[in-house]
């Protein structure tokens, strides 16, 4: 199966050497056309609007997310950060009455195009949620394998390989390797979240969306998640929504600042290299937010 | 297992589907269609029962059915004995059941400590699940057997035993919903506890209590089994004499349905129409408000 | 419940009013309502006691062979309950085998797939199904369902599977199978409404987790939602089964009232409840009545046990649940 092949080849890069088809350098920022044969994972939104019925939640977002990097989205509560994140894997469609205007492309492919099945999209764009949500009726092994089981038959040994690889990538293998058959909820909060990350990694996505992944965790667990994100950026494009500015500054290469307009719709104020955003932002609103001024 | 392919697929290739994906899509659509079909299957019998009861029942409805008792000899007459019987026994049962159910629920919801509340609630739940024919036997053993006389009072008691736990549980739920701040405000004003309960708590939860009571009433109207060994049924008209047997609509239907005679079967359909009309009207009236709220 | 430390009134151990009110009218009120509440417990206790007392005669005479005996012959003074136990179990089994897939699929439809506009009227219709009196189902069953089943489903089954003894004909229309079908209709509302509640209570983050892995709606339902709700759904089925076991009138009217053990599902049969319903009033005071009451006791024990188990299972998933009739 090609998915598994891809995982094997990506795994060969674990020794620190870039694999044969890894993405261009992480500081490329402008919108990227699809490079033939290159697995990149660059996202570009243009004039993106999200409405729930008559109410507009997110307005006119033009945002480029470079591949193999970490992009953080910060901003006050309710300004549409999570809503925006969910448009990237079409999860907002679960809410009845949600509509999207504008375009979102992944390596040049319009993910809202008629030929794109959201089910397929979500294999390529994975998601980790705020509260760890392992499946309580499944063991640790089965949790990680759950995405793989959707696409049908795999021999137990291959499954075992992928599960082990995913757990290693999520920095959880050593802690659970002797208790793979235990229930997924028997782990601590931080471990459960890494389990969810392993579960997402197992289906070999290109992009990983994280919606406040550490906000429900204690500081030590949070630190481990942040370290993990740093490791993962080598192979994946990561978009992380966080209300914790310090976290954004630690973890991300680029940062986008959202806020709520007078019409209660969220919009993008500024996006730039993280260092610049946090030391010398262009917009006054950004400056106000990061220095804690209300207004 | 496929051999190792060339370079990893581009995103475009991964996004535009695979054959495995198509099979899953078909399964998804088919199963969702089956779920819809199951829902429709559930509703068809309702339509069928209504259609036949209305169809056959209306043609059996005539003045005689409503105003005459069954003929003493031969066939014909009406269901007046049953109509009057139901109209007496069920309200009496309600008269017995409502105070016990409501006040009992008040105790559990407002005063009971953990343990007694649990025991009482458990008993009520168990009673709700007891088959109604067993209730009939139960009441028979102490209200019919000792007197060697089938009587309508025992029938009412049997119906009341069926109604009490239902009313108690639904009342208790209605009382739970009443916010504590109301109780506190009333007590803080110096209103005694018993008045707080009546004027504030019960009044606030009243619509829920009424709903539960009406539904229990409708259910009692339709119960047959508990009456078979208590009130027994009778071809005679009985008004007011609870020490003797009395007929009821469900019993009338049962007896006449089993006779090998078409006229009597017709009368059963007519009585069924009456009974169903009463029961459904009560149910629809009681639930219509909450349904309306859910849609609108 | 608020935790505000007010000087008056004292908060009771359970309810706000629990410890309050020490004046006479309040004490009387409290005592009075307490009496009413405990009446319910007394009723249950009395029921059990009276049933046991009145069964003693027949159990004393037959002991366990009352349950295993196959002959019920009042004239000869022989009482064996097995044919009715079999009839009860078989008809209820048919009902639950039919109601489980239909009911669970419908519950899934209502809870996961249907829009509000469709779900509300559909739920309304199913709740009305539950309100139809048993005797009306029986009437319809005898004159409508029976003949229809005889001509269609039963004829087909006998035609294709009649070589199996359990499906042997001739199909009468009335019989064990018809009773099973009527029972299915009667327990569907219970199974559906509890299953639907249980499925709705599955937290959304479970659905999102499965969908985010690239699952179709149906895969999400079968791999994330239903496993989570599993014990609650089993509880709903057990409650439905309990209902079926105790159902009397509709079954009595369509089951054929035969005292013999049925060999095929199309044979006439008899359940415990229908045997009591049809023979209780002719029974003389004495052994036969005691036997019938003992039958009732057996039925009661079975249904009570199932009910308790079912409630525990449902509570585990969906929290305390009351079915209001």
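A, B and C are the chain letters, set down in written order, and residue numbers restart from 1 in every chain.
One rule holds for everything that comes next: a residue touches a chain if its C-beta (ideal position, glycine included) is under 8 Å from a C-beta of that chain, and two chains touch if they have at least 3 such contacts.
Quick caveat, the model's predicted, so the values are computed rather than measured.
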item: Centroid-based (C-alpha) most distant chain relative to subunit B; value: A
item: A-B or B-C - the one linked by more C-beta pairs in contact; value: B-C
item: Whole-Å gap between the CA centroids of subunit A and subunit C; value: 49
item: Gap in Å, rounded to a whole number, between the CA centres of subunit C and subunit B; value: 14
item: CA centroid of subunit A to CA centroid of subunit B, Å; value: 52
item: For subunit B, residues that touch 2 or more chains besides their own; value: 24-25
item: Sequence positions of subunit C contacting 2 or more other chains; value: 216, 219
item: Sites on subunit A at which at least two other chains make contact; value: 119-121, 123, 150
item: Residues of subunit B touching subunit C in the complex; value: 24-25, 27-28, 31-32, 34-39, 41-43, 45-46, 48-49, 52-53, 56, 99-100, 103-114, 116-117, 119-120, 123-135, 137-138, 141-142, 145, 161, 164-166, 168-170, 173, 180-181, 183-184, 187-188, 192-194, 196-197, 212, 215-216, 218-219, 221-225, 228-229, 232, 250, 253-254, 257-258, 265, 268-269, 272, 275-276, 279-280, 283-284, 287, 291, 294-295
item: Sites on subunit C touched by subunit A in the complex; value: 115, 205-216, 219, 223-224, 227-228, 230
item: For the subunit C and subunit B complex, residues of the former touching the latter; value: 1-2, 6, 8-9, 12-18, 20-21, 23, 25-26, 28-30, 32-34, 36-41, 43-44, 46-47, 50-51, 54, 101-103, 105-106, 108-110, 113-114, 116-117, 120, 122-129, 131-140, 142-144, 185, 188, 192, 216-219, 242, 245-249, 253, 273, 276-277, 280-281, 285, 292-293, 296, 299-300, 303-304, 307-308, 311, 322-325
item: Residues on subunit B engaged by subunit A in the complex (per definition of touch); value: 1-2, 4-5, 7-12, 14-18, 20-21, 24-25
item: Subunit B partner contacts - residues on subunit A that touch it in the complex; value: 1-2, 5-6, 8-10, 20-21, 34, 36-41, 106-109, 111, 115-117, 119-121, 123-124, 150-152, 155, 158, 206
